[in-house]
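To start, I am sharing the structure in question, which I have written as structure tokens.
Every chain is named by a letter (A, B and C) in the order it is written, and numbering of its residues begins at 1.
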Amino acid sequence: MNARAARNVSWFSWIVIVIGAIYFLAPLVGTFAYSLTALRDQLSFAAYQRAFADPKFVESFVYSNLLAVATIIASVLLIVPTTYWVHLYLPKLRPVVEAISLLPFVIPAITLVFGYIRVYSRPVDVLGIDLIPPLLSTSASTNIVLVAGYTVLSMPYMYRAVDNGLRAIDVRRLTEAAQSLGAGWGTILFRVILPNLRTALLSGALLTFAIVVGELTLATFLGIPAFGPYLQQLGQHKAYEPSALTIVSFLLTWVAMVLISFVTRGDTRSAAGTH
Amino acid sequence: MAQTAVVTKSGAAFTLPRVRTIFITWLGVIPFFAFAFLFLLLPSSSLFIESFQDTQGNFTLANIVGLFDEPIRSGYIASIEISAFTALVGGIFGFLLAYAVTLGGLPKWVRSSYVTFSGVASNFAGVPLAFAFVAVLGRTGAITALFKNVGINLYDIGFNLYDFWGLSLVYLFFQFPLMLLIMIPSLEGLKPEWREAAANLGATQFEYWRRVAFPILLPSLLGTMILLFGNAFGAYATAFALTGGRLNLVTIQIGAQIRGDVLHNPNLGFAMALGMVFIMFVCIIGYTLLQRQTERWLR
Amino acid sequence: MAFVELHQVQKNFATATAVENFNLDVERGEFVSFLGPSGCGKTTTLRMIAGFEVPSSGTIRLNGADVTNLPPNKRNVGMVFQSYALFPNMTVAENIAFGMTVARKPKEEITKRVDEMLRLIHLPQLGNRYPYQLSGGQQQRVALARALAIQPQVLLLDEPLSALDAKIRVSLRQEIRAIQRTLGITTIYVTHDQEEAMSLSDRIVVMSNGRMEQVGTPFEIYNFPKTQFVASFVGTLNQLQARVSDAASGKLDVEGQTIYAAKPFEKMTGETVAIALRPEMIDLDGSGESEENHLQGTVEDTTFLGSIVRTRVRLRDSIISFDTFNNPNLTLPRASEKITMSFPRDAVLILEQNAAPVQA
């Protein structure tokens, strides 16, 4: 490419980049500016103070964080041993597990929660025997359904991260080496496999966190007082506080993504989210 | 023969007797399949079964047929329109962005800031996203106010954040970044030798793009746009938070149906959900096939 | 006037000078190889001829026309890349046709030429295959056909065989040479494999550190290397340091033993010179013709290399190796045996001193 063509290309690129930057930054900058104008005739963080002071905010926000932690734990406990096991003993089953893990892409959250409500509002019976009680009838067991739902939503990311991680190391060889040195299963999993999956798990966990905190659909329809429904409610009758919390949510997502790009060293596909 | 014997021998130290092995081997994946059954397959298959039943539990196709009646039909059309539109615009501009940050001859920091930001934006959806746009382009938003100061009332000249175009504008906030993130590796996969070989054979930069680079990228371009389509099609939270349920999208209709049987026929509601899953399924199949094409070429 | 002329060509990158003071005339129909170790500037020179790099100074002429600043798509130069670089979205036939399609040649002409090309590379059946359905060797032949289809003024090949395995490498290089002869196309071939360069080229340009070390026919390069670098890079020459005992009669002192060079040379008596001895010209125990040189040493070891046996002999400090043809009656010298080697005077080559030290 000669120098003149290169200059044209970079002019064109700069224009595209600047348009993109304006589109992306305007809502954020605007929201931030708006959130500072809660007090008449002066800029202040009053909206933030008021938002944080609301006990319902604290409650719902803590609640959502707990849900995120529970989801991450459930997801790791479910995906890691299964994926490891499949790599080691049932490689033929891998396409099946992979297909199931990607299924949530096909089932939007709204239909998923619809199904949950349909199935778990009444007892699940097999041949006339109530195998599972109506989970949605108590708030404690509703939480189980919600965390399960979040685990489902995070499954594609978690699976992909762990599967890639396991593929990068020779699981069988590592396991056999550990076994030949007399290591038991627990030791192998915690001392050998998990450390090698650190990057994969961290990015999977951070992505799960970004998805769960602030999630609206499942939480609303299952009637859980999480941060997403709270924020949505707040927007109905307040002006400045929602803006403040929007900025906070953005910053949280941003921190999660920066950490991901830090642990994965910039693999662009690992941070791509779908809804 | 001899080799098999050796393998078995060395494996014997940590291989259990055969029958027990098979049992235990399958035991290892039971938790996963049980979970998948309870929280993925059971709910979706119950939607599926109910879709083909009337209220008495008899088999019927009436619910599927009913999807083509109003208001469901227009809900599907609205959802498909907004998804197609944002997939197209998001796809094109997202691709230009990806091109600019990879091959556009810009400094490295532009690429890395865009990639990080796109990770955030593609995951920043739902309520906060809707609020951000309301804060700048709502009736009292910051940019709306700016325009008012120079004498232009955006809402008088046809702009409305709470209609089709407004929601599209909001959806693009997560569509561009998704496109960008998925296309960057594809663009970086274009070998410099292809451009050089084309130039050598007399092709101009334009002809190289028309005959080589673009056709190579086309499957992943289309595939990713299909992914964007599905991404917008399944979105509920953003639309609900922005329009409060006034826009007639499928997801919004299903939400209303869950809240209180607005269709006066629960099974029709399940059929609606099933219709969504069906469309998403077609999307994923299309995406996978197109992705496979690219992988085959670039093997 | 030569067909391809490089005059005082120089290329500086931000960090390093890749090519300097490069002067070369390639005649029409000639096959010239650039030979040298990794990083010596072969590719850079080739890319300047193709137009992918603009020289920092100097001029490049093709068929009399100054092309130094001409963009690559205006040069009509065919290039074959190490990585094949076939367009993955096109069939073999479409790949070969690409240059003509871009030039908007009539359909019939394109079809005809593509068939011709497919026959030339012995793949007449594979026109409808995609690159991913071909082996590496087949892909590279298609790449060659694609480059030749536009009837380029010059064909450039940058290590076209180095991604292939050894057997195919040899057969394909013979094919390349045969095609080049048939078409009579001026060709520049980059390689770091001296055997490849020797077997293919009319002339070889040996390069090191961005400079031309020596230009000559394979025969000249192999038999009369001018510099220590060329001697060590081409073949397996024995390099020794010698002290000049008498320049006029070509008398040299090698670690206490005396040998003669074939010709007198312009060095002062007492000076140190680098000399080279060819392994295949050394015999075990010359029966003592007066013309011959002799060197005594201790056998280090012998290596069986199929048709030849290579023996390594220690003089005082240096080691010399020489080759004997294998035959069933051969009695190999044993390790630590004392032997005498003999060789003719013209086996002794006097080398120019290198500026930079060279690893053999």
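The criterion applied here is as follows: a contact is a pair of C-beta atoms (placed from the backbone, for glycine too) under 8 Å apart; a residue touches a chain by one contact, two chains touch by 3 or more.
Just so we're clear, the structure is a prediction, and the values are computed from it rather than from any experiment.
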Chain at the geometric heart of the assembly (C-alpha centres)
B
Could you tell me which two chains share the largest number of C-beta contact pairs?
A-B
Between subunit A and subunit B, what's the gap in Å when you average each chain's C-alpha atoms?
15
With chain centres defined as C-alpha means, what is the inter-centre distance between subunit B and subunit C in Å?
55
Computed distance of Cα centres, subunit C from subunit A, in Å:
58
Counting only residues that touch at least two other chains, what does the list for subunit C look like?
71
Would you mind writing out the residues of subunit B in touch with subunit A in their complex?
13-14, 25-26, 28-29, 31-32, 35-36, 38-40, 42-44, 46-47, 50, 93, 96-97, 99-101, 103-106, 110, 112, 114-128, 130-137, 141-143, 172-174, 176-178, 181-182, 184-185, 195, 205, 227, 230-231, 233-238, 240-241, 251, 254-255, 257-258, 269-270, 273-274, 276-277, 280-281, 283-284
Parts of subunit B lying in touch with subunit C, wherever the complex brings them together
191, 193-194, 196-204, 207, 211-212, 215-216, 296-299
Per the touch rule, the subunit C residues reaching subunit B in their complex are 50-52, 71-79, 81, 83, 85, 87-89, 98-99, 101-103, 130-132, 143, 146-147, 150
Subunit B touches which residues of subunit A in the complex?
1, 5-6, 9-10, 12-14, 16-17, 20, 23-24, 26-28, 30-31, 33-35, 78-79, 81-82, 85-86, 89-90, 93, 97, 100, 102-119, 124, 132, 145, 148-149, 151-152, 176, 179-180, 207, 210-211, 214-217, 221, 228, 231-232, 235, 242-243, 245-246, 249-250, 253-254, 256-258, 260-261, 266, 268-269, 271-275
